[in-house]
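Chains here go by letter, A, B, C and D, matching the order in which they are written, and residues are numbered from 1 within each.
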Amino acid sequence: MRDELVRLRREIHRHAELPFLEVATAALILRELEGLPVQIRTGAAAMTIDGVVDYPSVEQRAEAAAAAVAAGFDETTLTALAENGTAVVVDIPGARPGPTWALRFDIDGLPIVESTSPVHLPARAGFASQTGAMHACGHDGHTAIGLQLARQLVDGDFPGHVRMLFQPAEEGSRGAAAMIPAGVLDGVDRFLALHLGHSLPAGLAVGTGVGVQATTKFRVTFTGIEAHAAGAPQEGRNAVAAAATAILHILALPRSSKAATNANVGTIAGGSATNIVPSSCVITGEVRSDDGATCEDLLERVRGVIDGAARTWGVESELVVTASATTLHPDDVLVDEVVAVARRLFGDAGVRRTATMSASDDATILAREVQRAGGLATYVMVGGANEHPHHHPLFDIDEDCLVPAVRWLEEVIRSADDHSLHD
Amino acid sequence: MRDELVRLRREIHRHAELPFLEVATAALILRELEGLPVQIRTGAAAMTIDGVVDYPSVEQRAEAAAAAVAAGFDETTLTALAENGTAVVVDIPGARPGPTWALRFDIDGLPIVESTSPVHLPARAGFASQTGAMHACGHDGHTAIGLQLARQLVDGDFPGHVRMLFQPAEEGSRGAAAMIPAGVLDGVDRFLALHLGHSLPAGLAVGTGVGVQATTKFRVTFTGIEAHAAGAPQEGRNAVAAAATAILHILALPRSSKAATNANVGTIAGGSATNIVPSSCVITGEVRSDDGATCEDLLERVRGVIDGAARTWGVESELVVTASATTLHPDDVLVDEVVAVARRLFGDAGVRRTATMSASDDATILAREVQRAGGLATYVMVGGANEHPHHHPLFDIDEDCLVPAVRWLEEVIRSADDHSLHD
Amino acid sequence: MRDELVRLRREIHRHAELPFLEVATAALILRELEGLPVQIRTGAAAMTIDGVVDYPSVEQRAEAAAAAVAAGFDETTLTALAENGTAVVVDIPGARPGPTWALRFDIDGLPIVESTSPVHLPARAGFASQTGAMHACGHDGHTAIGLQLARQLVDGDFPGHVRMLFQPAEEGSRGAAAMIPAGVLDGVDRFLALHLGHSLPAGLAVGTGVGVQATTKFRVTFTGIEAHAAGAPQEGRNAVAAAATAILHILALPRSSKAATNANVGTIAGGSATNIVPSSCVITGEVRSDDGATCEDLLERVRGVIDGAARTWGVESELVVTASATTLHPDDVLVDEVVAVARRLFGDAGVRRTATMSASDDATILAREVQRAGGLATYVMVGGANEHPHHHPLFDIDEDCLVPAVRWLEEVIRSADDHSLHD
Amino acid sequence: MRDELVRLRREIHRHAELPFLEVATAALILRELEGLPVQIRTGAAAMTIDGVVDYPSVEQRAEAAAAAVAAGFDETTLTALAENGTAVVVDIPGARPGPTWALRFDIDGLPIVESTSPVHLPARAGFASQTGAMHACGHDGHTAIGLQLARQLVDGDFPGHVRMLFQPAEEGSRGAAAMIPAGVLDGVDRFLALHLGHSLPAGLAVGTGVGVQATTKFRVTFTGIEAHAAGAPQEGRNAVAAAATAILHILALPRSSKAATNANVGTIAGGSATNIVPSSCVITGEVRSDDGATCEDLLERVRGVIDGAARTWGVESELVVTASATTLHPDDVLVDEVVAVARRLFGDAGVRRTATMSASDDATILAREVQRAGGLATYVMVGGANEHPHHHPLFDIDEDCLVPAVRWLEEVIRSADDHSLHD
């Protein structure tokens, strides 16, 4: 199983793709599951494109599909994925009554140029990304684990029903929210998301992440008035300057003594020429907190900063929320269960009940939706022994983490019984 | 005459006083004019205190009077001046019909610590300021010139009528506006203000300054919410930070291709303790331009910056205009006259029709008021050979400029005839 | 005992004094202990003035003494305290062998104007501060508790030896460091500091604070070049602007995912006149973190910001560290002891082993010094039921917390035995 | 002649091209001069590509050539221009001895989207730009005037020799400096540059611009360290924030009382993703002054700001000067000559000796080079009656200005005689 998992994750790694453009990855998922006795949903049955902010354009999707064709994937499949969306939902029925599980595996990569250093395994072993994007957050492993888990479970020898959500666009927190309207959580009793890495020892099983942060992503457009920088500067209204003011003040938002208060402006683009007072500038950024109310307060303060910066420079501003995720409130009973299974498999030393995750994941939106309907949820982690932090050009997981992850999830599902059903 | 002028200006220099606190200086003026056949007005007959923003407190005025008493001036006089205001208006009637002149001489010093360097004449010759304030703008010379001119003219051998306005608080642009309501410009046909220095050769006569800048002084109070800096920073609203934002953005106001656009924040004070998010901060500043509309526009933009900074930090702000002066529009016919007189006295090489003055003077408010009523005005300058700029701890005038200034003004007044009256 | 504690703390509250100026407070301590069989040290035997940054001037101390005389305290005592320092060290020997305890009670107030609202007990009951300073951090209670505790213990019926450190200048973190060189910790086996308040129920006993933050206080002086704001702005180098830049960027220092990263600029003063480019500005501020290395890193980054701001504006800068405190590492064995005593006294519901304190206290410097010499330390807290946060004009403690605090400390000391001595 | 000038300028207007990419424009120039008895230099004989900062890439030039082919220009010509440069130098010998003239006509457009409003003649009359770039500075008129002037002068009926420099990349100030090393000024006695517009009445002839500003364009690259914005913000070094700091402080550079002090940051691009602390940011900007030394001082201060901003944020910075132009010092004798000719042609009312031009032009580099070698230079202007400022999407010239411009230049050249030669 290890060889197969390594083969899968390396091929996925090589074809890293950006959010909502995971056409090769989704095609690979479909290819690997071909012929198995599972039910597969794609397109509008797996996600709803309408309402996604900044969904890639037809051109971007066509370009992604062309690249995937060039890389050897099936053109017909790619065309459909590029047109209808890259989410894939796989249902596997169990042979006896039991809970309906939803397991989330995220499949997208990041806009990071992968390291070519020989110290970096993907570079050394020849499976570094060929696409410009990079799997610098372990989603290659997640996807491989999901595929192998499906193959293990097709024997049906487990109670209940398993649904695997291969989710696009976890990075940027837009994919989860797009899958809910397609009904992928209907009837779900238990929700699990899995994440690898976290600078924990390879294979260490963690019952739930704690400190998972709520986040809101935003884009602000500043619009001023263009003017010749020497001929009539007094007639200009400087949109780039307003953005600069906004950036410094977003970074200077008050800290809290009670919760994390992260704020970032990640990108900026503005202006047209060296000698023209710039009339346009766009920034994108985010706020995060491990406390939901604090995250909302941060967004309110960002709005104040944006208004203030615009007023200061006499320009117009418009803030659009582009994505969001929420905090995690795992259910103790489910955490107890997965921890108990892990202890049986790996011994006490191979398990922790909790570990801190100072990051966000829109799996929280799925978890909250399942909980809202009366189900249970947790967010399990498996150590990846990564030396470099997530989102780093040298990030990689120790492939020794893959088999334990599959074994753990498989055993959690096989060993569930009716008694543990919420009711 | 030179010795007397030097003696006068040195004594005045030694007793430099801050705006509206010129009690020793006014007492000296009264003392020097004692017994002369002139009419003198002080107190409410010379200026109106009501409406002056930030007029010194009773305590400040009592302190200034006490210092002047200690320096040997008459206590009764000082008490009256401290109570009723420090403006002195002197009327001298001419023996024959002619225009009514108003001549402005400003009498206040600056909050600058005078240099004690031996290269600085006042320090070397023992007449440096003993008060903490400093005559770093030549008003000591102006006052001496006015006093000597009064003595020259008491013979009455000139047409018309001369009124001398010994004006307090030119620095900060509050004194001129305070004198108008007292009626000191009633019936005035011609207005002259005199200024020494300007890095021009000693004694050079200039028919009018050009580029004199309109200015508005302002004070802004930011009010936030105090909080423990580590215990609850999220509950604070930082008034000092808002002031910092305002300062940087006032300095970054757009330049104009058409006019000077000066902006300054000169003072700041805020906060209470190192470990407390500061809830209060006060800044004072000014805008200036050689174009009146541009100056008004600058003030509007300052308001925008203040509002924006307050909004950015979630604090309250209040802007108060504390003083203002306007631009200068000298009357050609009067400039012609004074230039013609100067050429007769000093030859062409000793005269310029105009020189640039990149500064402000609230004499412009008096000039505009006289012009509004149909009179003529100009702002003459006499070179002071100052090596260091005005408002510098080493500023001083070459005393050779004093006699030419008196002779020029005297001759302008004596040689005026009815034909030059506007009508 | 309650009445006496209330009387003491109210009198202390009424005479709140600023750091190192606690002459009335120290005189009150001496007065209350007069005639008791204790050994008292003051002056150089209790603290070392040399090396304290910004120690109050002779004039400030004389003024404080004069105010205390006016309030009815003994003039001779006050003169000595104003001259030699306001620390008071009280030694009480026990009747049998045992550990030497040092107990820290801080005695200073804050530069906060106390609320006069009728909702505020000190205002309503007539014991609000009469001094301009305010006990807004509970030190009035600490001092009263220390005094009462001394009275309880003079019977000598306890093992070992008790030393009480009545410490000046806890606010600003300068007093503790000044006491160590006077030898006040020599031979100390166990260190306790006590703090009231923390928005915990009145009388709740907490075995140790956690999250106590290391802090460094600093003062930065920016020195530029003065210039007339309109006449020669290009010749100025703006010190206030550099301070503004520094402030915004200190507030925008990167947050950490691993530790608190507080930074504050609490005060600013700069500039001389509205129309002069300001050449001087002074700011004071602090950094804090619950992680010592992070606190050091913050200070390094502040230095980078100061250098950068100075370079940006072409001015000079000088940063002086004025005070510091460190993190707290309480000894479990001592925490166990004090918790056990508290449970005996108040029951389980009246005790917590730990509570978070998002603040700093230079008792940590004393604690670390005792630990360095092989002793044990903890920082106990007693709930004060304060509705408003510490350092707030409406802060006050519920006086019901005073008796439990005295009883707890007394019992901890009386019940210690040799077995618990570290060795 | 008017119809032909209008036809030419409209065709040029329609094909506006960006600096160094003026392949269609240069091809049009060559096409229009085909068959005339003039000597034409292109490629390395007209400009030196080496040393030009940010010269367009092979791909950009190929794209420009492809667009020009699509627009109907000759492919062979375009390929050569795209490969070797877009400068065109045209020599026309006169029939009798006389001065060698160099006349500069700039040919490039701006990255501005042209207005489609019906109030805008190019939109209304169907000759608006089809390229995305725009002739918003009148270079379409300049080029047409140059072409028509060449046709007029081919009769050789004038003293001396005329060399026309059709210069690329005036916008951005890189083209003039690139032409000098190719020897295009060798042997030149007199230099004229022509500029239309300036909000002056159509056809008004101006002997020389005054106030032409020296300028330096720069690009700054900030390089920090990427980090996850919530997972490890303390490990990031924020390049976008450093750029923001730099922008605000460049705009806040001190104003001068003696000269214009323009500073602009025109473009910014940085960062990679919303949730990543950005490690890279590039800004481009410029400084300008009508005083050369002030312009150099501004650049020094920009360097200080860049260093300071980088130090503040702990990032690296690199400033590259990408282009520059200098001030204009026209030779009175040549200005006298061109003014005299203009008065003969248009009468006194149609001529001004000088007009202010608050802008820059790298023709000043050519002028200075000719003057350095002993020649004379001026920069003539012809009013274009433009309602909107230069570089505005609605900028356009009144075509009535074209014929007077050609007639004036023609007559200046025809009427020169040996006596006016410098020697």
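Structural remarks
The rule we apply is simple: a contact is a pair of C-beta atoms (placed from the backbone, for glycine too) under 8 Å apart; a residue touches a chain by one contact, two chains touch by 3 or more.
Everything numeric in this text was worked out from a predicted model, so none of it was measured.
With every chain reduced to the mean of its CA atoms, the largest distance from chain A is reached by B. C-beta contact counts were set side by side for A-B and A-D; A-D has more. In whole angstrom, the spacing between the mean C-alpha positions of chain A and chain D is 49. Rounded to a whole number, the gap between the C-alpha centres of chain A and chain B is 67 angstrom. Each of the following residues of chain D touches two or more other chains: 230-233, 238, 241, 245, 248-249, 251-252, 255, 257, 260-262, 277, 358. Residues 110-112, 171-172, 213, 215, 217, 226-233, 235, 238, 240-241, 243-245, 247-248, 251, 260, 262, 264-278, 281, 284-286, 288, 322, 358-360, 389-393 of chain B touch chain C in their complex. Across the interface of their complex, chain C is touched by residues 248-249, 251-252, 255, 257, 260-262, 358 of chain A. Chain C contributes residues 230-234, 236, 238, 241, 245, 249, 252, 254-258, 261, 277, 294, 297, 301, 304-305, 307-314 to its touches with chain D in the complex.
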